[in-house]
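Each chain gets a letter, A, B, C, D, E and F, in the order it is written, and its residues are counted from 1.
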Amino acid sequence: MLDLVIANLTSPIVLFFALGLAAALARSDLVVPEAVAKALALYLMMSIGFKGGASVAGHGIDARLVGAVIAGALLSFSIPWVAFQILSRTTKLPTLDAAAVAAHYGSISIVTFVAASESVRLSGLVAEGYLVAVAAVMEAPAILTALWLAQKARKKAGTGAEGDEPQGALLREILLNGSIVLLTGAFVIGWITGARGLEIVSPFLVAPFQGVLCLFLLDMGLVAGRGLRAGWRELRGPVLAFGLYMPLVGASLAALVALPLGLSAGGTALLITLAASASYIAVPAAMRLALPEARPAIYLTLSLGVTFPFNLTLGIPLYIALAEALT
Amino acid sequence: MLDLVIANLTSPIVLFFALGLAAALARSDLVVPEAVAKALALYLMMSIGFKGGASVAGHGIDARLVGAVIAGALLSFSIPWVAFQILSRTTKLPTLDAAAVAAHYGSISIVTFVAASESVRLSGLVAEGYLVAVAAVMEAPAILTALWLAQKARKKAGTGAEGDEPQGALLREILLNGSIVLLTGAFVIGWITGARGLEIVSPFLVAPFQGVLCLFLLDMGLVAGRGLRAGWRELRGPVLAFGLYMPLVGASLAALVALPLGLSAGGTALLITLAASASYIAVPAAMRLALPEARPAIYLTLSLGVTFPFNLTLGIPLYIALAEALT
Amino acid sequence: MLDLVIANLTSPIVLFFALGLAAALARSDLVVPEAVAKALALYLMMSIGFKGGASVAGHGIDARLVGAVIAGALLSFSIPWVAFQILSRTTKLPTLDAAAVAAHYGSISIVTFVAASESVRLSGLVAEGYLVAVAAVMEAPAILTALWLAQKARKKAGTGAEGDEPQGALLREILLNGSIVLLTGAFVIGWITGARGLEIVSPFLVAPFQGVLCLFLLDMGLVAGRGLRAGWRELRGPVLAFGLYMPLVGASLAALVALPLGLSAGGTALLITLAASASYIAVPAAMRLALPEARPAIYLTLSLGVTFPFNLTLGIPLYIALAEALT
Amino acid sequence: MTETSNAPRLATHPKKRLDIIVEAPIMNRLLDLLDRLAVTGYTVVPALAGRGRDGSWRRAGLVSDAGQMVMVICVLDESRVPEVLEPVYKLLSRQIGIVTVSDVAVIRREHF
Amino acid sequence: MTETSNAPRLATHPKKRLDIIVEAPIMNRLLDLLDRLAVTGYTVVPALAGRGRDGSWRRAGLVSDAGQMVMVICVLDESRVPEVLEPVYKLLSRQIGIVTVSDVAVIRREHF
Amino acid sequence: MTETSNAPRLATHPKKRLDIIVEAPIMNRLLDLLDRLAVTGYTVVPALAGRGRDGSWRRAGLVSDAGQMVMVICVLDESRVPEVLEPVYKLLSRQIGIVTVSDVAVIRREHF
């Protein structure tokens, strides 16, 4: 496993992340324009969605696909509950902050997923293409659990949120989030067009993928570094610790669920990574709409500044080793 | 031809357009940043211009090139007049709106041209490279015809536009439109540098082209969907119908003109497509300058929300079949 | 050498620059969005940094690397002093303007470097990979010399800048400039990951490089053209002439320094090009902070509108010929 | 204040201008609210960076829209200010952001 | 209104600020006009979205510049307002867009 | 001016708004200064183009940040205007850029 850790730590992807992190912490003015960062995110969604769909088209569907999708949804629904219990017991975070943080850990980070996919491939393993669909399915349920937790807390405190938007509108906004739509849409298009489609888009969506990922991770490092510089004051000891051990809690839950699914070692590693990763795109936006009192300085710094780097460097090799041990 | 239609409808390009359209109609917040959309448009112009020029460098010029360019200019000049007559007789559109719509149908849609080029290639046909030059030439003349129609109408109504800019300045703005300059410039550079130049730029301008096109069409779908949602109220029955049959009118005129030109089947299909397509970049900008009273909600919705999808899905296979029948 | 000049003038890179220049001078509305232009600049830094580092990883370090880096720093420190003396004697530029201009000529233009690298390769020469490191090292020292010149002038005139920022903060801002950080960082990453890393990022950072460069140079042409249109009034005869002969002065100094270094012909050509080129990204930003009284209309127009096109078209073939004669 | 005497040749009319600085994810809700309130128009301007009670942010330092701000400018008749300000205030009460009101004069009265 | 008494240590001078919201394709003509009118300066700010009598638009939802708006801010002396407002009004009369005038105070009088 | 009688149901409070148009490379220094002066908040808006005494510029026509401008908006209490304006003026005295002060009313007084 040490080999895996070292190979991981010296991959261009991780090194560009480190470069961005260091530049931001040193207060360099290096910056990736916002429009370009958004375009890179679109590219990643489009590429992994398409490749996942094309791979399913090639290998066909089986019961395991359905099982994995259901397992993913269950994990996304339940992890926030676990996270919330831990936060309530070990930290002094206000309830709404705790609920918001919990939502991030139930949902997923697509870049962590992508980085894990690359490591899985480098380890000589193969993962099922439909794990992209599992990723898409895991984005939203965590938000619902968090909202339910917040509502319960509010009822208890007798501070029902007045002037709330109707729940239906909120649900639509969450499910039609751009990243979910593009990931799912590209998956379906990859599925429909299969190998023929993949051949057409391959020089754009496949070949330069890892290089683009380097640029994206440079930006992620810059963003995480700036977040850490601005927000680390908010992170007291137990909250910070949560950002480091919660991925392992999520990973363990996923490992339990993965066992009966019969996934390959690669697929198991990716499912574990999904559970261990924390969102920083879809969930923060949803939280501003649904739980505006929760503080972004806390949940974003934790997810992007602590958990993401942890997963990228140490987490992923660990999850792959765990998956190999399990299968 | 049914084969061609089905192959066309299940191409990644069309499916990504459909994804964007569906996302926008469902009010997803999926969005391609403005700067990126503009960059994609630059890329497309640069690529097709360069490839067209390089292909002319390879095959040499002949009388047919000159003939095709003249034919394109004539079509662009005359189609707006035909469109204006039809609109005046079948719809209640105010004169200036009718003139503005007419300008769009005389000019061309470069994305429709590109999509048709791909379909032509998939059908096993080959098209003359200089059709790119024909496309560039067809962008502007339609605007002049429309302005002339509008001026005639204003004179008749006795409402000469006071405070107008001098016509010379307007003409310069129209002819030096960015898309015309880049398309023509890249064509000339492709011509000068030929095969050697193509080899140098090929990994950027040729290989990833279709994948980039998918991303661009995702954005076009999003834009068309938002336009339809905002503007469909403006489109009464006869105006809507115009958006569907006018491409066929343009196509028929082009077919007549193409016959004596001696173009290949592929080239004929592309010339027909150019005539059938409607502008949504160069002409709208020119209309805001020259005919500000005309309503964008009408001409943009019609061109982008009705005619563009029609051409992309059903039109192109039809034009290829027509071209094959003719040659 | 005439062959080289002609081959250079008809390369797609130079032709796209000319297209942009012509479009801007003709007042076309063609424009590359700001965010995209910045992304292209990031891409170029990342690519040349990485390729340079990977090449050093392949060939190993030797004493010449250290020698070349020191030589570069010396050139960057001393050229502004020479430029300042020339400007003081031959032009009527105010002292602070002269100091600012001098800083630009001591620092480097990374795009000129890249264009020269391509020409070197086309000439069948090979250059040492570590010249990228030399380029990074040469960015900043010139700024320090210029500030020292300005301070001396101010002391003489008795107009010490009141309310100045502490020098330390300024130094940090200059050294942590985004382009220096990315160039150096990518170089180090390329060095660490070597051939394995290069293989991973190659389809993104290597293959499409020259095509991307064409797009970037289109934008440079547009920017230079707009600058010339706005700023040419500021350029009196002797100042304009300085923009044309100063590159040759820098080149000569570099040639002297290069001789004892034992660089290859390609490496010598690149070192000469670095010395001959003038900055238009890092230095202007630093000048706004450190010498705000100096006028951008002068130093930007001179560097971008005069020296850059000169180097791109005539300078580079000249420097290659010079290097071949010297080695 | 903006007496029309300032512009004797072109009549100007006093209006109020609301500047609402609000988080990007809330923007759509705010615009929907303004539409429901039937204000005659508004314009949205992007913000690059800011600081308030809830800390500072920079657009370039964000992966997602969350935390980004926009400025919504709405010119309207003084008579309509209270009925617009109240629901806007209510919508924003739980959110990050500020609202200012100022005096402006407009030409082309029929626009407002 | 902006009596200089507000800032006893640094003198401020009353000026007028024009905010002109106008379509992007017209912007160059407007700026040329302002140049011809010899106003001392202006600043252009992008707009992201808006609604007016002619319907609503969003920058992200546009392939072309047509329909996009920008806001041109121009600070100038009250005495110059009428002579600037009139030709601006004339230029915009056939276009989509609005103009507001408001009071501001400036330091550094020589700038305006 | 902005008598609270305009909005009988929701109290508004008079404040001052500073609009500082400044070069992008200076922005960080200005924001640091505002932080040191402990203003309660500010918002930065991008500028696309402009013209002043030092010539005209367009964002699209720049390779570097140098020459680009941003607009920093800062709403604050009238009592604080002089102590903020003076150091801001000093910082900008050698730079390109302008400062305007205007009257606004705010709701949510605790924000300022």
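Keep in mind that, in the parts below, a contact is a pair of C-beta atoms (placed from the backbone, for glycine too) under 8 Å apart; a residue touches a chain by one contact, two chains touch by 3 or more.
The structure displayed is predicted, hence computed values, not measured ones.
If you take chain A and chain E together, the chains in touch with both are B, D.
Of all chains, the one whose Cα centroid sits at the greatest distance from that of chain E is A. Look at the contact of chain A with chain B and you find different residues on each copy: under half of the numbers used there are shared. Ranked by separation of Cα centres from chain F, the top chain is B.
If you average the CA atoms of chain B and of chain E, the two centres end up 35 Å from each other. One inter-chain figure worth recording: chain E and chain F are separated by 17 Å, centre to centre, where each centre is the mean of the chain's CA atoms. The distance from the centre of chain A to the centre of chain C, with each centre set as the mean of the Cα atoms, comes to 41 Å. For chain F, residues touching at least two other chains, in rising order: 1, 45-46, 102-103. Residues of chain C in contact with two or more other chains: 29, 31-36, 207-208. By the definition given earlier, chain contacts exist for A-B, A-C, A-D, B-C, B-E, C-F, D-E, D-F, E-F.
Residues 24, 31-34, 37, 41, 161, 163, 165, 219-220, 222-223, 226-227, 230-231, 280-282, 284-285, 287-289, 292-293, 295-297, 300, 304 of chain A are the ones that touch chain D when the two sit in their complex. Per the touch definition, chain D reaches chain E in the complex via residues 1-2, 6-10, 12, 15, 17, 27, 31, 34-35, 40-46, 70, 73, 75, 102-108, 111-112. On the chain F side of its complex with chain C, the touching residues are 23, 25-26, 29, 54-67, 90-91, 93-96. Those residues of chain A whose C-beta lies close enough to touch chain C in the complex are 10-12, 15-16, 19, 22-23, 26-36, 207-212, 214-215, 218. Chain A makes touch with chain B in their complex at residues 33-36, 38-39, 42-43, 46, 50, 172-173, 176-178, 181-182, 185-186, 189, 192-193, 197, 200-205, 207-208.
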